[in-house]
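Structures follow.
Two complexes come next, and they have one chain in common, chain A, joined by chain B in the first and chain C in the second.
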Partner chain A sequence: MITLKKVSFHYKGSDAGVCDIDFSIKDGECIVLAGPSGGGKTTLTRLLNGLAPAYYPGELTGQILFNGKESVNSKSYEIGREIGSVFQDPKSQFFSSELAGEVAFACENYGMHTDEIRKRTDMAIRRFDLNCFRGHSLDVLSSGEKQRVAIASVYALHPNVYVCDEPTANLDDKGSTHLADMLQKLKKEGNTLIIAEHRLAWLAQIADRYVYIANGRMCWEKTAKQLAEMSDTERDIFGLRIVDKIELGSIQASVENTSPVLSAHRLSLTQNKKTIFTNQNFLLFSGQITALTGENGAGKTSLAKVLTGLTRESSGEVQLFGKRSAPSHRRKTIWYGSNDTATQFFTNSVTEELLLQSKKTPEVLERARKLLKDLGLYKFREVHPASLSGGQKQRLSIACGILSQRRILIFDEPTSGLDGINMEIIASLLKDESRKGTAILVITHDKELIQRCCNFVINIDKQ
Partner chain B sequence: MCGKIAFDPRVKLLLFFVSCWFAMKVTQPIPNLCMGVFLTILLCLSGKGVVAIKYFSILCLTVFGTVLLQGKIPGMIGLLLLGVMVLGRIVIPMIMAFTLIFQTTSTSQFMSALQKMKLPVKIIIPVIIMFRFIPTVQQEWIGIRKAMAFRGISLKAGSVIFHPIVTIEHILMPLLFSSTSIIEELAAASLARGLDSDRKRTCTLQIRMRSFDYTCLLIEVGIIGFLLFGNAW
Partner chain C sequence: MQRTDAAISVKLWALVCTIMGISLTSNMVLTCVLAMCGFTFLAVQRNFRLLRGFGVFYLILAILLCLIRFYGLHMMVFSEFHVLMFWNLSPVFIVGWDLITTPPGELAAFLSYIHTPTPIILGVLVMFRFFPTMRAELKCVWQSMRNRGLTSPSQLLCHPAVSCEYVLIPILLRCLQIADQLSVSAVARGAENPAKRGSYYSRKINFSDSVWFVVWSSVTALFLVLGGVRL
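Then we have the complex of A and B:
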């Protein structure tokens, strides 16, 4: 049983934090912390697993009681024994390069006996069917597989409570389904689950209660049944992403007799003797938004890299505006926005970032200003790009693409990790841009985004 | 993992220091080539054959280049060329030894070795996080290069020479920010998983010195001997 009584926390040197949080979690319950990005979900998970204030300094008032004991008085490793944590990005939570070592890591830290560790490691690996990853380097696994390993490595320690901070942020549908199965198993074993998440679809079978947090405050609490009864408009107000799983209907496309701006003919790519994709044929039209979907590891990003000229195709060809185009030409004609916003900003302020490539003529400045206003980034124009939130970074990245004035824009997972409100902003941004005649290709597994703005869907299968 | 030998990380660590020292001190071509052969053999045995042969070829080129070119090409160009050759001869063995530690050792082996060396946990933790961090930074760097290509930031000699500060800023900015956030998350994850526990850490993976480790160690001691008393021979 975890009880939060009038808990407020503010990070040192910042206004961010949570205020007056009051709720309790029964043993064996599954609670979902929902709400917009930057609303305080992550802070709350950090308070629960003791990382705030132990690692993230700040001021804490109120009481957090874990089985009647105040958790502030415990050391972080003591809390870690009882409360297991799974983080958003699997790449920054691994310590070992192979499966058994990773699963055993926490047990080793707590000084368990070698035989006991072996037993627990084997059990965790078997429990979650991870035997097939033994002997592989963890670096080659897909994000979904990595996240499963991360949960197994927490499981080996046998905590009673699992705190997950947006575990599906980097996962496709299949990955999320696998994750849901794992969490279901954990719940059946009587564990308490606390999951911060804004993609709610995959949690429908597991969650008992939803707590909505925005602007650092708890707004409401609903049972799974109450949430299912919420109307669509209500859901839209809170920016909650759809609860039931959605099936993609056929997407209506109307293409007048225009010639394609980009056409791919029998594109294939082989790297290190491994076939990444073969025989891809498709067309992109001016004024249309096309979605490129497929499982994690199916080669979507590789295909984008070939289209943009970062990688040379093994066979086949890409035509731009009806003419065969070499990779170096494509690099200059097509824009590519990668999904990793952490590595694509180079300057000190949002304005400079936007104008990095452009000549600073009054006309361009005016366009940039208007774009920033449309995107709600104008008041952040002097701010360092790294201090923006995830949604703001994605918007800035898309803005850079739009201002480049290239006729073909490719975006890789522009809505991964974003809440409903941000997803909608991005969908309308893309729609506006396509109306001006730009051809847009979005790599995504976000079905809501596809539903809201895409005209075509291209699906590529895993080889 | 057939055909690969996992050398004791302690032996590799000592080899790294020995080869740095060796590269700085020894200038004669024959000993340098011998050192190169030794490193190449170890890399091949550890399953890094292709890389090893690549490095060894460059090393041969620089060593022979230094011998052949010395005093042959006059003027600035000759001097510059010779400088590059000497730099290569010094740096390549270091890179080879570095590769041997960081690319053929798993974190568990490394951690086990550090614990056997009786180092305090306060030193082991940062070293392990660094060890884990290097491959991640390599991945980030690939991402940054990709983004640079689209933002029109080139790494060509021209921009590096004429706008060095701007270029460095454009490289460091994303690298620093992504690295700090990764380090922060890694450290948070390590705490949540009890790395700061006051109990004595267990190691499921026990490393021990085997015959090939001793052979390797013997050669290393021989090299140290050569470095210390080599001039007397």
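Then we have the complex of A and C:
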């Protein structure tokens, strides 16, 4: 049983934090913390697993009781034994390059005996069907598989409570479904689950209660049933991403007598003797937004890099405006916006970033200004790109693509890890740009984004 | 093929032996005895990748040494001095490299066995993760620079300082971010626990390990007796 009584927390040297949080979580219950990005979900998870104020210093008032004991008085490793934590990005949590070492990590820290560590590690690996990854380097696993390893490494310690902070941010549909299965297993074993998430669809079968947090405050609390009864307009107000799983309807495609701007013919890529994809044929049209879908690891990103000329194709060809085009030419004509915004920004301010490599004529400056205003980034124009939030970074990245004035734009997972409001902004941004005649290809597994703005869907299968 | 690594203590002993051997000997050329012992050591552990790499390197050195000795070869860049230096140090390189390419898990197990404080063990583990991670990150940065046309030869030549900055800024920021996430993940999984650290791997000294103890000791002793000691 976890009880929060009038809990307020503010990070040291910043206004961010949460205020007056009051709720309790029963043993074996599954609670979802929903709400917009930057609303305080992550802070709340940090309070629950003790990382705030132990690791993130700040001022805490009120009481957090864990089984009747105040958690501020416990050491980080005492809390860690009872409350396991799973984070957003699995790849940067790993301490070992191989499976057994990683799963055993927590048990090793608690100084258990080798036999006990082996027993627990092997059981966790079996429980989550990870045996096939023994002997592989963890770096080659897909994001979904990495997240499974991360959960197994917490499971080996047998905590009673699991706190997950946006565990599906980097996962595709299949990965999320798999994760849902795992969490279902944990719940059946009587564990308490606390999940901060804004993609709600995959949680439908697991969640008992939803707590909505915005601006650092708890706005409402609903049971799973009450949430299912909410109307679409109500959900839109709160920026909640659709609860029931949606199937893709027919997507209207209207291309009349236009020639494609890009056409791929029998495109294949082989790297290190491994076939990444073969025989891809498709067309991109001016003024259309095409979605590229497929499982994690199917080669979507590799395909995009080949189209953009960042990787050379093994066979086949890419034609731009009806003419065969070499990679060096494609690099100048096609924009590739990577999913990882961390390595994309090179300058000291948002404005500089936007104007990098473009001539600073009055028209360009005017365009940049308008774009920043449309994106709600104008007041951050002098800020360092690294200090923006995830959604803002993603918007800036797309803005850079638009301002590059290239005729074809490719974006890789522009909405992963973003809440409903940010997804909406990005969808309308892409639609505006396509109306100007730009051809856009979006790699995504975000069905809502596809529904809102895409005209075509290309699906590639795993080899 | 599965490697059969020797116990860390044996590898350490081999390192001590080779260092003692090459620093005490007065016959530089005879260090090939230690090198051969090192190669056999690698072969027995089935570490064929390392064996191949060092084997080729050593062979080239041997050919160069022959040419210098018997045909009076004289190179401007890589002189006799360098050839002999590498020839002399090779045994240490072989054994040392074998030691640091031991799977990190086994290394950590050994460190906790000799009561190394947990922060140092975690430091060692992080160091091993650092290189592959950084390589991947650098690749990403390079790719987005290419995408934005920041890698054209004219750009790199005309603005070398700015180009360096373009690489460094995202890399440094990323380092900070990764460091933060790693620490959080460690703290949440009990890394601050003061008790002695356990380990998944346990490596007891077996028969072949004891044999190698004896082999390294006797080969080094023999080598010093044959080659003479420089005091």
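Simple rule for what comes next: the second predicted complex is superposed on the first by the 463 of 463 C-alpha atoms of A that agree within 3 Å, B and C clash if a C-alpha of one lies under 4 Å from a C-alpha of the other, contacts with A are read in each partner's own complex, and residues count from 1 in each chain.
Note that a residue touches a chain if its C-beta (ideal position, glycine included) is under 8 Å from a C-beta of that chain, and two chains touch if they have at least 3 such contacts.
A quick note: this is a predicted structure, and the numbers were derived from the prediction, not measured.
Under the clash rule set out above, the superposition-derived model of chain A with chain B and chain C contains a clash between the two partners. Of the two partner chains, chain B and chain C are each touched by A:Ser85. When the two structures are aligned on the shared chain, A:Cys30 is found in touch with neither chain B nor chain C. Looking at the shared chain after the overlay, A:Tyr336 reaches both chain B and chain C.
In the superposed model, A:Ala104 lies in contact with both chain B and chain C. In the superposition on chain A, A:Leu310 makes contact with both chain B and chain C. When the two complexes are superposed on chain A, the residues of chain A that touch both chain B and chain C are 49, 51, 54-55, 75-77, 80-81, 84-85, 87, 89, 92-98, 100-101, 104-114, 117-118, 121, 139, 153-154, 157, 305, 308, 310, 331, 335-336, 338, 340, 342-347, 356-357, 386, 400. Residues 49-51, 54-56, 75-77, 80-81, 84-85, 87, 89, 91-98, 100-101, 104-114, 117-118, 121, 135, 139, 153-154, 157, 305, 308, 310, 331, 335-338, 340, 342-348, 356-357, 386, 400 of chain A are the ones that touch chain B when the two sit in their complex. Residues of chain A that touch chain C in their complex: 49, 51, 54-55, 75-77, 80-81, 84-85, 87, 89, 92-98, 100-101, 104-114, 116-118, 121, 139, 153-154, 157, 305, 308, 310, 331-332, 335-336, 338, 340, 342-347, 356-357, 386, 400, 404. The touching residues of chain C, when paired with chain A in their complex, are 103-105, 108, 112, 118, 122, 125-126, 128-129, 132-133, 136-137, 140-141, 143-150, 165-166, 169-171, 173-174, 177-178, 181-193, 195-202.
For chain B in complex with chain A, the touching residues are 1, 106-108, 128, 132, 135-136, 139-140, 143-144, 146-153, 169-170, 173-175, 177-178, 181-182, 185-205.
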